[in-house]
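Each in C-alpha cells, the structures are laid out below.
Look for chain A in each of the two complexes below; its partner is chain B in the first and chain C in the second.
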Partner chain A sequence: MLFTSGAFLVGLPILCIVYFVIPQRFRWMLLLAASYGFYACSGLENLLFILTTTISTYLLTCAMERIADQRKETLAANKSVWSRDEKKAYKEQMQKKRFWLLVCCLLLNFGILAVLKYGAFTLRNINSIAGWFGQGDVFAVPQLLLPMGISFYTFQTMGYAIDVYWEKYACEKNPARLALFVSFFPQLIQGPISRYDQLAQGLFAGNGFQAGRVLFGTQRILWGYLKKMVLADRILPAVTTLISDPAQYDGVYAFIGILYYTLNLYADFTGGIDITIGIGQVLGIPMAENFERPFFSKNITEYWRRWHITLGTWFKDYLFYPISVCAPMLNLSKWSRKTLGKTIGKYVPVYAATLIVWFTTGLWHGAAWNFIVWGLMNAVIILISERLTPLYDRFHKRFAWSNTHAYGGFQALRTTLLMGCLRMFDCYRDVPLTFRMFGSMFTKGNFSVLWDGSLLELSLSVSDYIVLAVGMVLLFVASMLGRKGSVRQRILEKSPVLSCAMTVALFLIVLIFGAYGIGYDSSQFIYNQF
Partner chain B sequence: MTTKRIVLSGAAMLISAIVLAAAAQRLLQPKYMSDVVEGNLIADYYESNYTHDVLFVGDCEVYENVSPVRLWEQYGIPSYIRGSAQQLIWQSYYLLEDALRYETPKVVFFNVLSMKYDTPQNEAYNRMSLEGMKWSPSKVHAIQASMTEEENFASYVFPILRYHSRWSELTADDFRYYFGVEPNFFSGYYLRADVKSAENVPTGRPLEDYGFGDVCWEYLDKMRMLCEEKGVKLVLMKAPSLYPYWYDEWNEQIVAYAEQHGLVYINFLEEKLLAQTGIDFATDTYDAGLHLNVYGAEKLSDWLGAYMQEQYALSDRRGDAALDAYWAEIAERYDAELARQLQNLEQYGSIHEPETT
Partner chain C sequence: MSETMETILSILKDLHEDVDFENCTTLIDDEILDSFDIITVITEISNEFDVKIPADRIVPENFNSAAALAALVESLEED
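On to the complex of A and B.
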C-alpha cells in the first residue's frame, strides 16, 4: 500500500479518529493491528518474514536479558566470596553466551536479508566469474521475493538487539509490543530507522488528542504530500525519459538529468519522511528526523550528517565504531603503524573502517555493483576531503571572501552537484554507462538543448516547469525559514487563523497541483525499493 | 484553547477546505461549450419539466439522427433522446432506468449499435455519458459497470480528482460558464447543418467472432424486462448510419432476438426503409455517412412520427398550451442554431466561427 493510494488516504483519518476514541490502553494494539494490516496489503507472505524477525529477536533478546539478570544476581550473591579474577572470568563467560545469542540473532535476520536481497546478485556474480574461466552458469538465479521495507525493519530491529546486548536498555518483555516497534506502519515504507528507546515511549503511551499537535502533524503530512505528489511525481516522467535512453540523452541532457533526479529524489524521500513523521505527530509518537536541509551542506561529510540521518547514525553506531575497536582492526592498526610509520599508519584502520561502512551503505541501497561503486566513491571523496582539510583551513584563513555567505552558497551548490554526480550511479544502474554519461557532459557540447525547446520534449510542459519552479522556491524558503526553528510553530504563534489557512492552502495545492490520477503514473517512493 | 474553540476552529478549517475544493472543482470541470459539446447531453435531460411520450436511447446514432423538434412540429409527439457519445449498452440501460424514475413514456427506441461493445471502452466517453447523470443507484451501477482499469469510483464522486490537472488548460469558457452552461441541444438532439456526402464507404472487415457478448444480451434482457415492468413498448432500431459497419451476422442476431421476444426491430439500413425515409447520403450526412445532418434527421423523424402514430396510436399533443410553449422555446433555439450554422457555412465554410486570438 502506498501513502498515495486511495485506501491509505481514506484509512488514515479513520485510524486516527478511532485511535483517539478508544481507551488509552488499547491504542498501541490498534496501531499493531493497523500496521500488520498495512503490511499484509503488500502480500500476505511478507508477514512470514517480519514475524520471523520479530519472534527471533524477541526470544534471543529475552534470553540475553535473562543471562544478564542471572549474572547480576550471581555476582551479587558471590560479591564477597569471589575474587576479582573469578568475577571477571564469570562475567566474560556470561558475556560470551550473550554474544553468541546476539550473533545468532544477527546471522538469522541479516541472513534473511542477505538471501532475499543479495542472493540473486551473489549467484549472478559467481556465474560471471565462472564465465571468465569458460564455465557455463554454475547456479540458476532464482527470482526471490523481497518483502516491503525489509532493509528498514531489519536494521531497526537489529539495532534494538545490539542495544539490548550492550545493555543500553532492558529488552521488551511483551512480544506484541516488540511486534509494533518492528512493524509500525508509517516507517515501514522508507524509515526513519528508529531507536527503541526513542520510539517506544510515544508508541505505547497512547497519547490522547491534542489540537496543536494534530494541526502540526496534519501540516507536516500535507507538506510531505506536496513534495511527493506536486514535485517528485511531476518530474519523475522527465527523469525516466532521460535515463531510459542514454544514447539520445547524453551531454547536457545528462547534466539536466542530475538536476532533475536530485529534485526527484529529495522531494520523494523527504516527502515520504514528512508524511511518516507527520502521522507520528498526529498520534503523539515522536520520530527521529531524517533530514536537516542537506543541500545547505558545505561539504560531503556534512551532507551525510544531514541526509538520511538515521541510516548514517545506524552505520556509525553499529558498524563503524564496533569495527574500529574490534581485535582485527586493532591488529591492523598496530601492523600499519609499524610497517608504514606512525604518520601514515594511523590512517589505515580509519580508512579501512570507512571503506567497509561505505561499501555496506552502498550494498544496503541495492544489490548491484552500481550501488557498491557509489558507496565506495562516497568513501573516497570523504577521505580525500578530510585529508585536504588543513589545506582548506589555510585557504579560508588566507582569503576572507571565502567566509562570506556567497561563498557558503557556492559550497552548498558544489556539494549538491557533487552528490548529484554520484547519484548518476543510482540513475543509470550501470557503472561503465555512468562513467560514459559523466564524460559526455564535458565532451558532447549539445548546449542548444537548453534553449531550443528540447526541454519541453521531456514529458514536461511549460506549466509543469512553472509548478516545479514555484515548488522549489517554496522548498527553499521553507528551508531558509526552518533554520531559525519550527516554521509551523512561529506561524501558529503569530496567528492561529493563518496557521489554519496554511493547512487549507496546502491541502488545495496538493489536490490541484498534485501529479496523480489518469495521465500520471503514481510512483512508489524511491526508498521503498531499498 | 478551549474545547469549544478547538472544535469550531477544526470545523471552520474543514468547511473552508471543502468549500474551496468544491469551488475549484466547479472551475476545473470541463464545460463542454465548444469543441466537444456532447459532454452536456446527459445533464440536459433534467432541465426538461415536461414528460415525453417517446424516449430514444443509444449512442451518437440517435442523438444526431433523430430530431425531436421535428417530431413535435409535424406530429405533436413529445420526445427526448437520452444518448451520448459511444454510449455503451449498460449505460443506455441505466440511463433508461434513471429516466423512468421521472416519467413513463409510451415507447422507447433503443439503437442496437452498442451491442458490439461488451467491455468498457474509453474513459473520456464514460465521463461524458455518466457525469451528467444525477446521483441515484442507477448512476452508481452505471459507473461500476463502465469503469476502465485506469478509472476509479472516487473520481466520479469527486471529479476534481480527475480534472485537477486542467488548471493549465482553463479557457474563458470555464469562467464564463462557471455557474451553469447554456443549453446547446434540442431535447437531446445535436444539430448539424453541414454536408459531407458519403462516398466509398468501406465495408466491414471480416471478424473472428460475430457473436455479441453475454453482457450485452444480459443488458438487453434487462432493458426489455424493465420496459415490460413499466408498461413501455420497447423498439429496437438500427439507425441509418453507414459506418461503423453493421454486419449482416449482427443484424441476424437482433432479428432473432426481436422475434423471440415479440419486439419490433427496425433496421433503417435496409434499402426499402432507406427509400421510404428518403435519406440521401449525398446530402443528408455531415460526416460521410457516420451521422445524419439536420436534413437527414428530419427525414428520419418524419418517417418515425408517421410510424409511431400508426403503430402505437400516439396522440397529437399539440394544443396543450404548456407543451406548446415549451416546445416553441426549443424550436426557436433550434431554428436560431440552424440559421447560425447556415450563416457560418456561407461566410466561413464551416458551421463554427473562426477562432479568435
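On to the complex of A and C.
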C-alpha cells in the first residue's frame, strides 16, 4: 500500500480517530493490527518473513536476558567466595553463551535478507565467472520474493538485538509489543530506522488527542505530500525519459539528468519521511529525524551525517565501530605499523573499516554492481577529503574570503553536484554506461539544448517547469528558515489563524498542483525498492 | 597527573595539536573528534595499554574528554 493510495488516504484519518477514541491501554494494539493490515496489503506471504524475524528475535533476546540475569544472581551469590579470576572466567563463559545466541539471531535474519535480496545476484555472478572459463550457467537464477521494507525492518530489529546483547536496555517481554516495534506501519516502507529505546516510549504510551500536536503532525504530513506529489512525481517522467535512452540523452542532457534526479530523489525520500514523522506526531509517537538539510553541507562527510541519518548511525554503531575494534582489525593495525611505519600504519584499520562499511552501504541499497561501485566511490572521496583536511584548514586560514557565506554557498553547490554525479550509478544502473555518460558531459558540447526548446520535450511542459521552480523556491526558503528552529512553531506562536491557514494552503497546493489526473497512478517511493 | 592520563593526552595531541585536550570536555559533542579519530584513539590505546575497548563502550560520554577516556581505560584494566 502506498502513502499516496486512496485506501491509505481514507484509512489514515479513520485510524487516527479510532486511536483517540478507544481506551489508552488498547491503542498500541490498534496500531499493531493496523500495521499488520498495512503490511498484508503488500502480500499475505510477506507476513511470514516479518513474523519469522519478530519471533526469532523475541526468543533469542529473551534467552540472552535470562543468561544475563542468571549471571548477575550467581555473581551476587558468590561475591565473597570467588576470586577475581574466577568471577572473570564465569563472566566470559556466560558472555560467550549470549554471544552465540546473538550470532544465531543475526545469521538467521540477515541470512533471510541475504538469500531473498542477494541470492539471485550471487548466482548470476557465479554464472558469469563460470562463463569466463567457457562453462555454461552453473545455477538457474530463481525469481525470489522480496518482502516490502525487509531491509528496513531487518536492520531495525537486529539493532535492537545487538542493543539487548550489549545490555543497553532490557529486552521486550511481550512478543506483541515487539511485533509492533518491528512492523510499525509508517516506517515500514522507507524508515527511519528507529532504536527501540527511542521509539518504544511513544509507541506504547497511547498518548491522547492534543490539538497542537495534531496540527503540527498534519502540517508535516501535507508538507511531505507536497514534496512527493507536487515535486517528485512531477519531475519523474523527465528523469525516466533521460535515463531510458542514454544514446540520445547524453552530454548536457546527462548533466540535466543529474539535477532532475537530485530533486526527484530528495523530494521523494524526504517527502516520505515527512509523512512518516508527521503520522507519528499526530499519534504522539516521536520518531528520529532522517535529514538535516543535507544539501547545505560543506563536504561529502558532512552530507552523509545529514542524509539518511538513521542508516548512517546504524552502520556507524553496529558495523563501523565493531569491525574497527575487533581482534583481526587490531592485529592488522599492529602489523601495518610494523611494516608501513607508525604514521601510515595507524590509518590502515580506519580505512579498511571505512571501505567495508561503504561496500555494505552500497550493497544495502541494491543487489547490483552499480550500487557497490557507488558505495566504494563514496568511501574513496571521503578518505581523500579526510587526508586533505590539513590542506583545507591551511587554505581557510590563509584566505579570509573562504570563510564567507558566499564561499559556504559554493561548497554546498559543490557537494550537491558531487553527490549528483555519484547518484548517476543509481540512475543508469550500469557501471560502464555511467562512466560513459559522465565523460559525455565534458566532450559532447550540446549546450544548445539549454535554449532551443529541447528541455520542453522531456515530458515536462512550461507549466510543469513553473510549478517545479516555485516548489524549489518554497523548499529552499523552508530550509533556510528551518535553520533557526521549527517554522511551524514560530508561525503558531505568531498567529494560530495563520497556522491553520497554512495547513489549508498546503492541502490546496497538494490538491491543485499534485501530479495526477485521470488514470493517474502515483509512483512507488524510491527508497521502498531498497 | 596519572600515567594513564599522560599517555591519553599524548595520543590525543598526536591527532590535533591545536586542541586543549586537558580542559576540553566536549570532544564529541563539538565534533572535535570524528569517527576516524575515535578509531585511531582506540587502536592507539590497545597498543599502549593491555585493554580492548568493546564496541558498546564507544559512546560520547566515554570520549568527550581525556579524563573520561582515562577513566574508561582504568575501568577496563580493573575488569
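Just so we're on the same page, the second predicted complex is superposed on the first by the 526 of 530 C-alpha atoms of A that agree within 3 Å, B and C clash if a C-alpha of one lies under 4 Å from a C-alpha of the other, contacts with A are read in each partner's own complex, and residues count from 1 in each chain.
The definition used in the following text is that a contact is a pair of C-beta atoms (placed from the backbone, for glycine too) under 8 Å apart; a residue touches a chain by one contact, two chains touch by 3 or more.
Keep in mind it's a predicted model, so treat the numbers as computed, not measured.
Engineer: Quick one: on chain A, after the overlay, do chain B and chain C clash, or do they fit? Just give me the call.
Structural biologist: Partners fit side by side after overlay.
Engineer: Could you say whether A:A211 touches chain B, chain C, both of them, or neither, answering first, second, both or neither?
Structural biologist: Once the two structures are laid over each other on A, A:A211 reaches chain B alone.
Engineer: Check the residue A:C500 against both partner chains and state whether it touches chain B (first), chain C (second), both, or neither.
Structural biologist: first
Engineer: Output check: A:L330 vs chain B and chain C. Expected answer is one of first, second, both, neither. What do you get?
Structural biologist: Touch status of A:L330: second partner only.
Engineer: Return first, second, both or neither, reflecting whether A:S486 touches chain B, chain C, both chains, or no partner chain.
Structural biologist: Touch partners of A:S486: none, neither chain B nor chain C.
Engineer: Does chain B (first) or chain C (second) touch A:L511, or do both, or does neither?
Structural biologist: Touch partner of A:L511: chain B, not chain C.
Engineer: Mind working out whether A:S5 is in touch with chain B, chain C, both or neither, as first, second, both or neither?
Structural biologist: After superposing on A, A:S5 lies clear of both chain B and chain C.
Engineer: Go through the superposed model and pick first if A:Q70 touches only chain B, second if only chain C, both, or neither.
Structural biologist: So A:Q70 meets neither chain B nor chain C here.
Engineer: Does chain B (first) or chain C (second) touch A:T339, or do both, or does neither?
Structural biologist: Touch partners of A:T339: none, neither chain B nor chain C.
Engineer: For A:S463, is the partner it touches chain B (first), chain C (second), both, or none of the two (neither)?
Structural biologist: first
Engineer: Least CA distance chain B-chain C after superposition, rounded to whole Å?
Structural biologist: The answer is 37 Å, the least C-alpha separation in the overlay.
Engineer: Taking the complex as given, what residues does chain A use to touch chain C?
Structural biologist: That would be residues 88, 166-168, 301, 316-317, 320-322, 324-325, 327, 330, 333-334, 337, 346-347, 349-350, 353-354, 386 of chain A.
Engineer: Can you check the complex and tell me which residues of chain B touch chain A?
Structural biologist: Chain B residues touching chain A: 1, 6, 9-10, 12-13, 16-17, 20-21, 24, 28, 123, 150-152, 154-155, 160-162, 164-165, 167-168.
Engineer: Would you mind writing out the residues of chain C in touch with chain A in their complex?
Structural biologist: 34-36, 38-40, 42-44, 46-47, 52-56, 58, 79
Engineer: Provide the residue numbers of chain A that touch chain B in the complex, in ascending order.
Structural biologist: Going by the criterion above, the answer is residues 6, 211-212, 461, 463, 496, 500-501, 503-504, 507-508, 511-520.
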